[in-house]
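Naming follows writing order (A, B and C), and every chain is counted from residue 1.
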């Protein structure tokens, strides 16, 4: 079964339980993982056909409940009862684009946190137009790699051209611009991940394994995990950091057991199921500095 | 390749070979597994995007042949030559809903047994409307969890309200009503599975593992396996029981080898390929009682 | 993430680097594998919903970059910047068929090599019509099993009826006819694979394992690998042979480690990542004859 019927879900967890004093620490991330295991948030995914199976399995392994409700007429109906929503532009058919808009608008109206993943925007016109409209709706979190964040900032209008030869620095500038323009937190995936708020310090997460880039959906499923964490706290910076940290730390543990990208995927799901708050306190690497 | 060309399939197996005296026993289930391995039934699946890959792999592992023929113009063309058909409402796009109706109608006309899986009906309007229309076509088997069976019985019209606080009992009543109304056998998935005929004793199957609920498609793929077994006998009660028993017993064996939900999935496919009729006789647990 | 943004891709590798003297040898196949690892070709796939995840993972494991760009308005935009294109007819919705035509036409105009996989053509009318139109556009490589190649040759018009009782011989005749009619190389998958040029000797590849037929996408993903190899050389006969050889040899190695079809799939991905040019020289079996 791919959906958990909405009527049997527990009520949405209270938000704001976890963040103590606004500081994003390994301890706060660990506490949010404990909250996730208790709440089992219901995460609606309007995501691409390539990774929908892996994304659902990542959520299930971690302890969340996936609901891949992605057709017009249902996507908007479901978003208000979901704990969090993912909108991923990987294979944006007409039907999916209509469902994305429904889900994002309904999530916005209902106060359901939602994550936008602007897969491969920039060169490809259909998804770039769709991303421009979606980002204007103010996602709670925007997740992408450096190129996507740079392209989305440009596509959003009013952005400056990308003239830096340092892609990471350019992406941080673009992320900051997006964050300020749309009231979002922006997460940039890369060898070291960065989470960028509208103002204040950028958080860096230095965990993970290159094997995550050898499995399709390695980035996309992280967007769904961010939606799960964002349902547990109003602090989107903490949510995006905790999601990134738990996800990449589990990947690191799985890489130690894997013989290649094939055996990495099941080991990663096992690690997501097994990772504990204590593991997060011990293993999460949040280096200082901007 | 995802389809086995219809013209190269062996003729459909004769139905009615297995049920001896109408009693559903472990021995009768084991005999039906032997029949499946000999016949390699061709199972057409109109199923959701999340689980289509896993469902095809479950059928292949078990020894059946999947044919994911799910577009309008082909779905109805194929159902008469298929051994059995699955219609699963998990991601019901316009195109899929049209294909579902085609496949169900053609299966009905041709005498091809078919299974309806009303994923997440109740709250979500598009699939609930579709399920109401499909169930009226008289599926051979209806498969769902307790909530889905209760919702479908209500949606079918003429059902009594669900007023029981005991969900299992309510689901058994709903299943019986559906079975009588539509001439179907109704299979309810849960910690102990129940198979409910229009009249006569409910069969219970007490095998399985909670890991089946941690892999997306754990329930959906069982619907496809039911379609495979239903092609081997006119006794739908036996078919649904044998499918449930073989499937959950293989899952039990896989759970003993798995380190988590990630490694469970490949172990489960291995177990489906390896399970023998003798294993079924020895391991199937069909407790008495209604 | 499912796409690698086009603008960050390295330029397409020069074609023609590998084939030395027109002979298809294990050494030439090994050299092409080395080229693939260096070039990391970007392979656009318009493929079916069942196998899209597995196909992307096969490409990633091998060292290529998948781009599952399969919607109208983007498919044709992307094909000129892709290194190679796969068009697979497994689940041909309206949207996919339009995208297939776009991708094939744009690939043809731009000189991007492309592979056609006519899944299950013959009996099913929608895909058979689509295949007839697509094959007329002159794919670089056509890949299928014997039945599909025979059906496609008939469907192409002007073909002789299939009157042979020897399916392999009939498929070779059909393949030769297709190759001559459309300027393609035709690859027939089977216990021993055959690669058929318009004129000259048929190449046979005698590697592999029956487990490849117990995993959905075992054939379909090979089409994507052929598109990757075809981007590295103008010699389509060598490309199809090298793809088949590397793929089936990796499968052979994985089968030795697998306990069944479930554990075979991750072991196969590991083997695709690990296989070296030296392994190809040592293990590839290209028997003489025709």
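Some notes on this structure:
In this section, contacts are C-beta pairs under 8 Å (C-beta built on N, C-alpha and C of every residue); 3 or more make two chains touch, one makes a residue touch a chain.
Only a predicted model underlies this, so the values are computations on that prediction, with no experimental measurement involved.
Where the sister copies chain A and chain C meet, the same residue numbers recur on both sides for under half of the interface positions. Taking only C-alpha atoms, you rotate chain B by 120 degrees to land it on chain C; that is to the nearest 5.
With each centre defined as the average position of its C-alpha atoms, the distance from chain A to chain C rounds to 34 Å.
For chain A, the set of residues that touch two or more other chains comprises 49, 53, 265-266.
Per the touch definition, chain C reaches chain A in the complex via residues 1-8, 49, 52-53, 56-57, 60-61, 66-71, 73-74, 77-78, 81, 95, 265-274. By the touch criterion given at the top, residues 48-51, 53-54, 90-94, 117, 119-127, 144-145, 147-148, 151, 189, 213-220, 259-263, 265-266 of chain C touch chain B in their complex.
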